[in-house]
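Sharing a structure below in structure tokens format, with a few things to ask.
Lettered A, B, C and D in written order, each chain numbered from 1.
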Amino acid sequence: MNSNTSRRQFLAAAAMAPVAGTVMAAATQATPAAGGAAAFAFDHQPVPLPYRPGKLDGLSERLVQSHWENNYVGAVKALAVVRGRLQQAMADTSLPPYVYNGLKREQLFRTGSVVLHELYFGSLGGDGKAGAAVRSRIAGSFGSYDAWETEFRRIGNGLGGGSGWVVLGYNQHLKLLENYWMADHSTAPATTTPLLVMDMYEHAYQMDYGAAAAKYIDAFFNNINWEAVEQRA
Amino acid sequence: MNSNTSRRQFLAAAAMAPVAGTVMAAATQATPAAGGAAAFAFDHQPVPLPYRPGKLDGLSERLVQSHWENNYVGAVKALAVVRGRLQQAMADTSLPPYVYNGLKREQLFRTGSVVLHELYFGSLGGDGKAGAAVRSRIAGSFGSYDAWETEFRRIGNGLGGGSGWVVLGYNQHLKLLENYWMADHSTAPATTTPLLVMDMYEHAYQMDYGAAAAKYIDAFFNNINWEAVEQRA
Amino acid sequence: MNSNTSRRQFLAAAAMAPVAGTVMAAATQATPAAGGAAAFAFDHQPVPLPYRPGKLDGLSERLVQSHWENNYVGAVKALAVVRGRLQQAMADTSLPPYVYNGLKREQLFRTGSVVLHELYFGSLGGDGKAGAAVRSRIAGSFGSYDAWETEFRRIGNGLGGGSGWVVLGYNQHLKLLENYWMADHSTAPATTTPLLVMDMYEHAYQMDYGAAAAKYIDAFFNNINWEAVEQRA
Amino acid sequence: MNSNTSRRQFLAAAAMAPVAGTVMAAATQATPAAGGAAAFAFDHQPVPLPYRPGKLDGLSERLVQSHWENNYVGAVKALAVVRGRLQQAMADTSLPPYVYNGLKREQLFRTGSVVLHELYFGSLGGDGKAGAAVRSRIAGSFGSYDAWETEFRRIGNGLGGGSGWVVLGYNQHLKLLENYWMADHSTAPATTTPLLVMDMYEHAYQMDYGAAAAKYIDAFFNNINWEAVEQRA
């Protein structure tokens, strides 16, 4: 695998939709699987890692490969299964709506896991050095770049031993750049574009660091690909 | 109150950030409260109802006024209090991160409530008739407009007697227009722009309809402002 | 309906299992539905209100009847449907375990709703006057009876406009009597016996009090049946 | 450390409260910390592992020691901190109730983690062979012992890569022995006594098994101490 090529593929897939008129216009561009509507029959293929799994500094090849293969690709497969069940359930008019919603909850959970893992792997592979422009933009909202980093790490440390995500996101509705704590792949702030996401599920670090979540957070920061973060913004 | 003026103010406030270059660029435009950074000191004022509270068909003035005043404005005030507590907590370095995260969870919850209520009230005030363009875009993803409406109502009915939101949203990352079930103001699909949101908390209908959630859903559909939905898209 | 009789039936059904040896022994006493095991085929009948729905002071007959009929009996029916779906799912070995768990989550949620509503209706119908014994036991754990009531009301007020339960419960494992905040019918402290439960879902008060949750809490306190609470203890 | 002695201490601490009259009576036996009420000032000491951390078959000493020390003892310490914060918050009458509830949520979460971890470690250390009596009691509710084990393992497999607990519990109110899926340490079925609990947080297995949750479940079953489970029942 040529990592430059796969990286470009990844970033292209992970990038925001080009704003061609409106979102509604863009929505018509989604290609439904044969014989079905996109909302139900959407077919999502796993996005390759944008770098060799052994490339990251302080995160072992075994950990990164297992994380990508078992947790991320597993979520892609699970989402496809849930979507298939939803199609059957839509056709079953005797199914009570609260049972239907149990599947919608799974869809929400799996969709979050797929999207967040793609943003996560796409957030890494860099040298951890934020450029002047991004530092100044972060400082513009948080008072200083250090204040931002302190809060981002603090939320991560509070999730050690549990599960969840930390997100630097831009709230489109409030026009506000801030950090969010997320649980369960599925609690996310409405209307928010995640720019940098850190996976705090234990599968992101236990193999390498055991319970030492703070050391994993150090390693995460050392590998941030700030160019990719800026492209999302 | 001149409802035309207030409606314009509302739609302006509720609209997406103009895409001036990038999100990061837009972030610098957010105006922090005096003496503080926007991420912590952000000051959000309640957005007036974009119509008279008695204007809606089948939703009483008493219900709409109470919903706006108690639940929405209450959420705006609560978010301001939580933000104030977060600023104190940031300065308290002895505070364990998991206690800090308790406040971040509240922030996530209240932020979701503020944003979703603004989108909700802004989704209403119309005649419920979707134009040809929006119908065709919805059909492009869901197979047919009716298939979309059936699922949207089904999720709503499944939430009757409980609490949560139903969202028609465009997932920017997956380039996919679909319906989502949401709980707690805070479970939202990452990277998704909500286009139409329906409040299924009981405060949205109990006063008028008691436990008859399906009748409320009928009333909601009769009042959708599809032009506003299209502007979000 | 003879309310004395139905009240006795209710209290009997709501009472703790007589401790005949051990829990395991008691478990064998559960009567499975014909042709099925109790864990899957358990058949639970709605427990009648232990008093006339119009009897309560400050909670209208319309509200109480709707709450019992729509929310409580609705939960009993939903639980039966979920159990039926679980039996089918158990036999479907191709069903992925995470889809199975979606149903287990619904079972947890509906079971909580059934049990908590039975304890709730059984907590009311009295004159709100706690006897000396129960006051002294509460004071033994909370410092004073007033400190307990203050915290119990405070948790309730914090849930106004949302959904959840407030519980005075005895944690069997920690040997500790304390108040708990609960969400979603399903967050409950492990090993805890609920003694007094207050429903803070909006269906418990919106019809009578709109958004004025604090007035509902006053009415709840005025109607507590402390003898029933003591019997649970 | 004499493991026989510490095991006895553990089982004594983990045992249900002796039913001396009523729960309310038992509640008065809880010893408050000096100068405070038990509900707020309760002081809980970590319970030692009831066996050497290296004793278990297929679960490494490093894993078990880290799980006990970092996750369980960490939860005990966190609960004490949260209780301290709650005492301060009770005295702060200007604190809005929804901010107070943020702490109550943490208390619920940490209490669940403490109790469930004590039951979990106390569930292990045996030879995995269920005696005839317990097998027959389980079969009485589930149809067969195998049907029970199949569902218990299935729920566990569905939690692989995520977080949560699987519980065989006796629902005191419904008089029903069944399996439950639990999330977040805090979703538990009301009025239920957990008899056997399996930790599916990734800290319970990632160090030894990576993402292979099914192998961990095998190891868990091989180490169940069924005598301890029966004592809880």
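Operating definition for what follows: a residue touches a chain if its C-beta (ideal position, glycine included) is under 8 Å from a C-beta of that chain, and two chains touch if they have at least 3 such contacts.
Being a predicted model, the structure only gives us computed values, none of them experimental.
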Intersection of contact partners for chain B and chain D: A, C
Most distant chain from chain C, judged by the mean position of its C-alpha atoms: A
Give the chain pair, either A-C or A-D, that is connected by more C-beta contacts. A-D
Cα centroid separation, chain C vs chain D, in Å, comes to 23
Cα centre of chain A to Cα centre of chain D, whole Å, reads 32
What whole-Å value do you get for the distance between chain A and chain C if each is reduced to the mean of its CA atoms? 39
For chain A, residues that touch 2 or more chains besides their own: 96, 98-99, 105, 183-184
Given the complex, residues on chain A that touch chain C span 78, 81-82, 85, 96, 98-99, 102-103, 105-106
Along chain C, where are the residues that touch chain B in the complex? 62, 66, 70-71, 74, 161-163, 183-184, 201-203, 206-207, 210-211
In their shared complex, at which residues does chain A touch chain B? 14, 16-17, 19, 22-30, 32, 36-40, 42, 44, 90, 96-101, 104-105, 107-108, 111-112, 114-116, 118-119, 133-134, 137, 140-143, 147-148, 150-151, 154-160, 167, 170-184, 186-195, 230, 232-233
